[in-house]
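The next block holds one structure in the form of structure tokens; read it before the comments.
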Amino acid sequence: MNHKIAVFPGSFDPVTLGHVDIMQRVLSLFDKIYVVIGINGNKVPLFSVEQRMEWLKAIFRNESRVAIAAHRGLTIDFCKQVKAGFIVRGLRNSTDYCYERELAQVNRDLCSDIETLFITSTPQYAHLSSSMIRELIQFQADVSPYLPDIVRF
Amino acid sequence: MNHKIAVFPGSFDPVTLGHVDIMQRVLSLFDKIYVVIGINGNKVPLFSVEQRMEWLKAIFRNESRVAIAAHRGLTIDFCKQVKAGFIVRGLRNSTDYCYERELAQVNRDLCSDIETLFITSTPQYAHLSSSMIRELIQFQADVSPYLPDIVRF
Amino acid sequence: MNHKIAVFPGSFDPVTLGHVDIMQRVLSLFDKIYVVIGINGNKVPLFSVEQRMEWLKAIFRNESRVAIAAHRGLTIDFCKQVKAGFIVRGLRNSTDYCYERELAQVNRDLCSDIETLFITSTPQYAHLSSSMIRELIQFQADVSPYLPDIVRF
Amino acid sequence: MNHKIAVFPGSFDPVTLGHVDIMQRVLSLFDKIYVVIGINGNKVPLFSVEQRMEWLKAIFRNESRVAIAAHRGLTIDFCKQVKAGFIVRGLRNSTDYCYERELAQVNRDLCSDIETLFITSTPQYAHLSSSMIRELIQFQADVSPYLPDIVRF
Amino acid sequence: MNHKIAVFPGSFDPVTLGHVDIMQRVLSLFDKIYVVIGINGNKVPLFSVEQRMEWLKAIFRNESRVAIAAHRGLTIDFCKQVKAGFIVRGLRNSTDYCYERELAQVNRDLCSDIETLFITSTPQYAHLSSSMIRELIQFQADVSPYLPDIVRF
Amino acid sequence: MNHKIAVFPGSFDPVTLGHVDIMQRVLSLFDKIYVVIGINGNKVPLFSVEQRMEWLKAIFRNESRVAIAAHRGLTIDFCKQVKAGFIVRGLRNSTDYCYERELAQVNRDLCSDIETLFITSTPQYAHLSSSMIRELIQFQADVSPYLPDIVRF
């Protein structure tokens, strides 16, 4: 695995300022970061994969080190394909932490060459989860303060 | 700050296999990692700074990217001195997480150019804290399975 | 917003002694508390809105400061309608806390004039969630010790 | 209730090395432990009850104190049927703990003669939940390192 | 007890923006709030009681509903003296929550007429504890961004 | 080790109703339970070892299966002396859980034949820690509702 390549996986349904914040804070560590939209056959997303890819591409259009992709299957399999040595994840709270710890360990079991790096969310974004935002959207709340300017619908 | 330089701060009183494990897992990310023994005037350590530096130097003697140092004061001040762009910390459990999150945010407040990266401890080391080991030592327990071979006393 | 008016939102599916306990402990703070049944289009409740309203009305029939309502949409929108300055919530455990903290902050983002007040549940009710009780009901367990006398079915 | 009889309830969908580890560590406490597959009408399991029973029977075939059963309904009702004085559960992390605490207290409310005993999972199994493993299976990951030799599909 | 009177207890060693934020958010609920500096014989404070009282008086000098006091002993005894019906506390994270829950319940045991109300800290103050700030001061960090303008030393 | 022998370690400074509750709930599992007062050279207890032993002996005077002891050193060493196969501990909350998990794993590392069994505290005792009670005593609070009748001073 190449330690200069990382994967930042998520549902990005929708992309939030929290996602962008984490990317910007770890970008300098790598030569290439793949922002990967996980496609999970069991869940019906609110926004199409195409829409989410478009948003991510627009947000990072001036950042040559960032590539956008979508992947059906395990994140670790995508990492192997692109030879990424690291997975990047944000930590928002301690419930989050418990789940992320399990996932990171499973990924190490599946491929011992790939490590997960965590970064704690910036305070003003710590309460932002995509699921919370989807619920707000459903009830017509104005979620624009939580989203990059380009994410409008 | 230089994003190829990191600081791994701790008391290392004593150095454990958990510390070494974290170092090995993040080493490839950086050109230089300073392992920094924090000197806290309020606490009386079990092992002298000299002893701890000697252990760390011996453990990483073949690793040219690792430098060992001791620092009295805030970790962030040491980071500024060596122009480190990242601090590296291990996360062992959710109580740990709450404290580490606070510390990381304080450090960002003090210097917005320095980020803290976290890595979750390997399961077999997740229950190893230096304070637990000091307590075991005090009661003459055999703590050698928790320590690098070189850490003997 | 009027700081003498509060909203106590929930699913109340069914109403438990835990809900009643929280109401009684905060009632003196306000001139009016709206107990609001949240209607969530995505979930099929076990008991009808009518049934839940009837129970709540009966429980608080002698309490002139309590009003019962049902609301489809965001709690914060209901608060604005009735000019409530506070939302009241019980905290049962630390997983609860993580979720409630996020929700409270989202509500402050949506309307900075409305604050969420928390009260920790009384020990003997701390393990009572409506979802746990629904599961017990489904398996024909006797849940009457968890419910106000009037809540029978 | 008979304090020499225990119940170890779960979905066992599939049986993991974590389950076996917990059984082996508490077995000496009891004359009889019923490993009970909970049948929950609301969830569609990945593996049939028959398949799960077969695995459990094969795993514990040489252990005369272990009996395998399936039960539709509350665990506590099964305990009463077999006069078990104890329920045995593993604890994997602090989120787990919050839920398990609630469940244990509900069971004491329903039957004050039955206690729940907890044992913390062995570090290398602490990140293994059946739900995580089902997700891995769905994406064709090799989960065999997490499973007893006999659990193959 | 008078439900229009509250007590906001703390060490206030030193007073932070986090403390002021919590006061401002609950002030409208009460006719009188006593900000009470707890004097604990076992701990040596960084700032004298006189200094802390002076800061608090200056901060709330235009707020006729706020009174500043110092108290040696249990908070609940002070509440009884001033007939306060409520104690107000901020919640910063889930470790905090566990401790605060215990304290609130002990206070209810000691005096069932006094309830503790919690409010979650504003994100940008969630990582500010007085103990963290004291540690920063000790190492000559600039903590002024965390403190009201009047708190200088 | 003998699986019919257990050790219930603690400071018991003082003995609370919470301790007695846990003992009563696990007593039927064992032929012998040693209630062991841990003597820690670093901490000055509020009550003498003699006083604490006297209380425990009085509380369990009619329970032939219970033996009272005091031990300086590691709990695991006492377990080996009396050939206890199990350590019993109560769990009060999730912060507790994190610490207890570590301790249990350290004890398994030191002696793989000894397991720690946990039982969650009864709700009305979940907020009772000996340290909280010592603090209350110091401020002359009436702590008698938290203590067995025989524990008076």
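To keep things simple, chains are lettered A, B, C, D, E and F as they appear, and every chain counts its residues starting from 1.
One rule holds in what follows: a contact is a pair of C-beta atoms (placed from the backbone, for glycine too) under 8 Å apart; a residue touches a chain by one contact, two chains touch by 3 or more.
Given the structure is predicted, the values throughout are model-derived calculations rather than measurements.
Where touching is counted per the definition, the chains common to chain E and chain F are B, C.
Chain centres computed from CA atoms place D at the largest separation from chain E.
Per the C-alpha superposition, chain A sits rotated 120 degrees relative to chain D, a value rounded to a multiple of 5. In this structure chain C contacts its sequence twin chain F using mostly the same residue numbers, the overlap exceeding half. Taking the options C-F, D-F or E-F in turn, the interface that duplicates B-E in more than half of its contact pairs by residue number is E-F.
Chain centres here are Cα averages; for chain A and chain F they lie 46 Å apart. Centroid to centroid, with C-alpha atoms defining each point, chain B and chain D lie 39 Å apart. Here the CA centre of chain C is 28 Å from the CA centre of chain E. In chain E, the positions touching at least two other chains are 93-95, 98, 101, 105, 123, 126-127.
By the document's touch criterion, interfaces exist between A-B, A-C, A-D, A-E, B-D, B-E, B-F, C-D, C-E, C-F, D-F, E-F.
Looking at the complex, you find that chain E touches chain F at residues 41, 73-74, 76-77, 94-95, 98-99, 101-103, 105-106, 109-110. Listed in rising order, the residues of chain A touching chain C in the complex are 93-96, 126-127, 129, 132, 136, 138-142, 145-146. The part of chain C that touches chain F in the complex is made up of residues 93-94, 123-124, 126-127.
By the touch criterion given at the top, residues 3, 25-26, 28-29, 85-86, 91, 94, 97-98, 100-101, 104-105, 108, 115-120, 122-123 of chain D touch chain F in their complex.
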